[in-house]
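Letters A, B and C mark the chains as written, and numbering starts fresh at 1 in each.
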Amino acid sequence: MKYAYYPGCSLESTAKEFGESTVLVAEALGIELVEIPDWNCCGATSGHALDHKLSIALPARTLGIAENMGLDVVAPCAACYNRMKSAEVAMKSDEALRSEINSSLANPYEGKITVHSALEIFTAPDVLNRIKERVSYPLRGLKPACYYGCLLLRPPKIVGFDDPEAPQRLDEAMCAVGAEPVEWYFKNECCGASLGISKSAVSVKLTGDIISNAKKHGANCIVTVCPLCLTNLEMRQGAAGKMRGEDLTMPVFYFTELLGLAMEVPGIRKLFASHLVDVNPALDAIEQGEPVPAGAEG
Amino acid sequence: MTNFSNKVTSLVSENAQCCCELSLVEGPTGSELKRRIQELCGENVLECYQCGECTAGCPVAYAMDIAPNQVLRLAQLGLEDEVLGSSAIWLCAGCETCATRCPKGVALSRVMDACRQLALERGIKPKEPEIAKFHDQFLTEVKRFGRVHELTLTALYKVRTKDFFSDVFTGIQMFLKGKLALIPSLVKGRDEIRRLFSRSRHGSEDS
Amino acid sequence: MRIGVFVCWCGSNIAKTVDVEKVVEAAREMPGVVYATDYKYMCSEPGQNMIQEAIREHKLDRIVVASCSPRLHEPTFQRCVEAAGLNPYMVEMANIREQCSWVHERTPEATQHAIDLVRMAVAKVAKNEPLSRSKLDITRRALVIGGGVAGIQAALDIADAGYPVVLVERTPSIGGHMAQYDKTFPTLDCAACILTPKMVDCASHPLIEIWSYSEVEEVNGFVGNFEVKIRRRAKSVDESKCTGCGLCLEKCPVKGIPSEFDEGTGTRRAIYRPFPQAVPNKPVIDREHCRYFQTGKCGVCQKICPVGAIDYEQQDQVVTEKFGAIVVATGFDVWRDEQAMAQFGYGKYPDVISSLQFERLMNASGPTDGKIVRPSDGKVPRSIAFISCVGSRDEVHGYPYCSKVCCMYNAKQALLAKDKLHDVQTYVFYMDIRANGKGYEEFVRRAIEEYGANYIRGRVSRVYPDGDQLVVKGADTLLGRPLEVRVDLVVLATAMKPHDDAKELARKLGISTDQYDWFSEAHPKLRPVEVLTDGIYLAGACQYPKDIPDTVAQASGAASKVIGLFSKEAILSEAMTAFVNEDTCVGCGLCAEVCPFGAIDLVEVVDREKSTRDNQVMKTVARVNEGVCKGCGTCAAACRSGSARLRGFDTKQILAEIDALADAALSSKRL
């Protein structure tokens, strides 16, 4: 199994632990990820907010390069995935737009490859089985609130590999590694990350709603598929707690980190240090028959 | 204002604080807004039957000056100044909840995108200038480097909004954890990317 | 040959686009035409008189009327010329309205198009031959499919007029959805009080046979002469012996099967009757769940039955019966798509229920004896949210149409809930209030003004639990603000939809369905009870969502159509039917295969060409049953040897039309 890998800007900086864990887990599962040479930013929310055509053209350039590689694309970041997928659908369905945009591209994109999210490929039935087989450190006692956010699920006509109202794939992945995902009700609510910097009051409120609901239903951590969500949930939980008068301290993970942890993939544990919110309370909740020997990491 | 002017006129928009009677004169201007929205995003605002599903599910509606369904209503009536001058179009977080649940299949999120583009195109001052500046700074980064360099993005955004102190502590924490690189990574095909920009609306304004 | 051409203005429908006088002028020059004129409304009495006078005065033997579609007025003009002594099939219509004026601007080309259409009709009518219709017998016995209030009403009306009826019902009892309801809007009559007497009337009527637990398998034949194969499923109870004492119902050890009649809010046993007032009031054994049928051990009901009515050996009976007319009254189903309703948590949170389930909770003979309690914990709700348009007016997740009755039953349920539980707070989330029936608007206002139902204008985005309550996230579009309410129970007004197998039944009956699978009427305004197949009529919500008054009215309408048919001495067959030239037919059977009405059979006949006086050679040929043939012409188009032909549309007539058009086009250099 081989994919063209699109890290996107965040996975190189604020979400580097997402990027690194994705690569490590893929490697452990025998999935080859080849980084797309000279990839560019997908345009993110700002792209489609201000300029529809640009929001198709930017991902189309990267897709064109990937098409030359002859590989389908994996974009772990939910926001990148959403933009890449939107561009894929637009370029495939609108011939006029395709030829217009392709005329500016060194590597035109003809719609021969498709885009996948990391959650999609890691929860494909055969891969999930392989993960189950590889689990050596089951995450029993870890009670994640699986948080899908917006961009992985919506709009279902474009992304739609999971049910937009009752998504399951992340919960399935967590069950596969022995964690006990909680039943909660803000799985697919927006955290407001796209307004995180410019209108932080909104993202503080939404973060508060989300973490409060996760806590209420017994979660000891939140697991995400999106760097914007994770950064936002980590950054804003202090202010949200103050606003609501609740303790909203809550470790937040990328799902790939937890897959790697359960499979004891070397190099995973050291990524936990880069979280802004201490993840140790969640890690301590994992009940193991015997303690993990120190220095087991590579 | 005469009844024969071809303009859709709103007394509200002339004096936004006052709830006056609306005076509608259907004409090219009114349908022009609908036409432009459809051209930019493919959505026909006349398909909306004002059920309120978008407002009910919108995570940001509470903070908007007009409700999401009212954005569509104003667009239906062609009350351009009011839609394009609203905070709602800027506050929309693009979460697509409205588009997913709309029983008529109208993607309001895309209409919001179109309205922001139209507002900029017509030189209407964004009601939420910080959000507009952030998006603009973001795209400027992409245009310059091909990728987004979060440190530069945040720094320049803060210069533009003269907000130097919020989130500084988080920024330092991130830097210490090695999450904010000092040097931006550059895309080789920057000329190609600039070409994409110059073909689009955003490219023409700053260079 | 003396052809007359009559060009209609259709008010301004034709005349505003087509230069009618030019058409008349051109017609006068066409071969065989001896008279041509125009008139404002040719179909009106003066118009028809004009045709009849011209026939007499100018000794016309063939008529062309250039006006609207023959589907609208061909029968009118056929009757008109027949009264003037012509064979009715000597009329041709040139459709210069739907096929010309309505699709053109006023241009010379539009007029030329009309002239061409008239020219073709003139060429065709010149080749017309007189046709006649034969008389067919009628079996004066009706089949009513579906035992809801529509079927019950139709059966009673037909039987009261003196004709025997078989009422076929799929479930063990007649009564349909109406039997599930508590009270009915806007009068608040108890549904059982007004329905059960009718059910009993059906059972006791000497001319009505109720075949419950039965389904239609196959329909053959045609108006007056249907042959219908019906499967009478084995009830495992000998109805002639069973007294309906109900002892078996108490002793059956297989409990806890979700009751279909209670919409899963209550349970039943393996031997059951859907509800205590069922008609027939005799139980059936659900073999899927019965321990005896599944394991061979048990037999409790057989042991306990005092009259020995339990019969495990009973088999399904498939019978074929003759009927003269069929009333289709199969009703509706409710939308149950849990995935599409995930945003409301239907199927996931026990206290989110459908309106039909709420009816069962309110109904005195329901599983809670009429106490409104929450399915999750049996507590009395202090607040209830009713959500309208769940799956209705929702083209993305459900159906684009309005289910028509939900606004009214929402108001009724909010009112009755308040009536039963004085402290309850009710919320009704609505988009529009559609209350256009007698006493309906007043009723909704009463629910709001006197019973305090809190109407909130806005759709609901999401329902999710919070503690032991449910949060309903909606909006008040009148205020332009999102809002949330916390309630104990959520009731979803789920859409009415056709039965999943509606299309299958339509196929058996040879009738058509619309894009949703509702059965299609013959004409939406003027023939709302008929379908395009003669002798089959529609009643109730199998056609489109309807409330009880409309359903009953349509059922009586369908019944009166049946009675009207049965009161005729005989019926006339179609004249424009297909026939097969058996001398040239090679018996390939393609025509029989493509015939949508099953009107063609393959038969063995003597091959006249190959047979000698001593040696009779047989061959297979196709033969058309003229009673069934609808004259669609599919066989004629498919036949490779040109043996299958259609009266009134023979090859020579169609070629004459094409020739006329080609000649005109060539001579005016348009080709």
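Some points to look at:
Throughout what follows, contacts are C-beta pairs under 8 Å (C-beta built on N, C-alpha and C of every residue); 3 or more make two chains touch, one makes a residue touch a chain.
Keep in mind that this is a model prediction, so the values were computed, not measured.
Arrangement of the chains shown, judged by which pairs touch: all-to-all, with no pair of chains left without contact.
Averaging Cα coordinates per chain and for the whole protein, the chain whose average falls nearest the overall one is C.
Here the spacing of chain A and chain B, counted between their Cα centres, is 25 Å. The geometric centre of chain A is 51 Å away from that of chain C, both derived from CA atoms. Averaged C-alpha coordinates put the centre of chain B at 49 Å from the centre of chain C.
For chain B, the set of residues that touch two or more other chains comprises 62, 97. Contact with two or more other chains is made by residues 343 of chain C.
Looking at chain A, one finds that residues 165 touch two or more other chains. Those residues of chain B lying in contact with chain A across their complex are 40-41, 59-60, 62-63, 91, 93-97, 99-100, 107, 109-110, 113-114, 116-117, 120, 128, 130-131, 133-136, 138-139, 141-142, 146-151, 154, 157, 161, 166-167, 170, 173-174, 177-181, 185, 187-189, 192-193, 195-197, 199-203. Here chain C touches chain A in the complex through residues 339, 342-343, 348, 464-466, going by the rule given at the top. Note for the complex: chain B touches chain C at residues 49-53, 55-58, 61-62, 66-67, 69-70, 97, 101-105. Interface residues of chain A facing chain B in the complex, by the touch rule stated above, are 9-10, 12-16, 38-41, 43-54, 57-58, 61, 100-101, 104-106, 150-151, 153-156, 164-165, 189-190, 192-195, 197-202, 205-206, 235, 273-274, 276. Against chain B, the residues of chain C that register as touching in their complex are 343, 389, 393-398, 431, 457-462, 473-477, 480-483.
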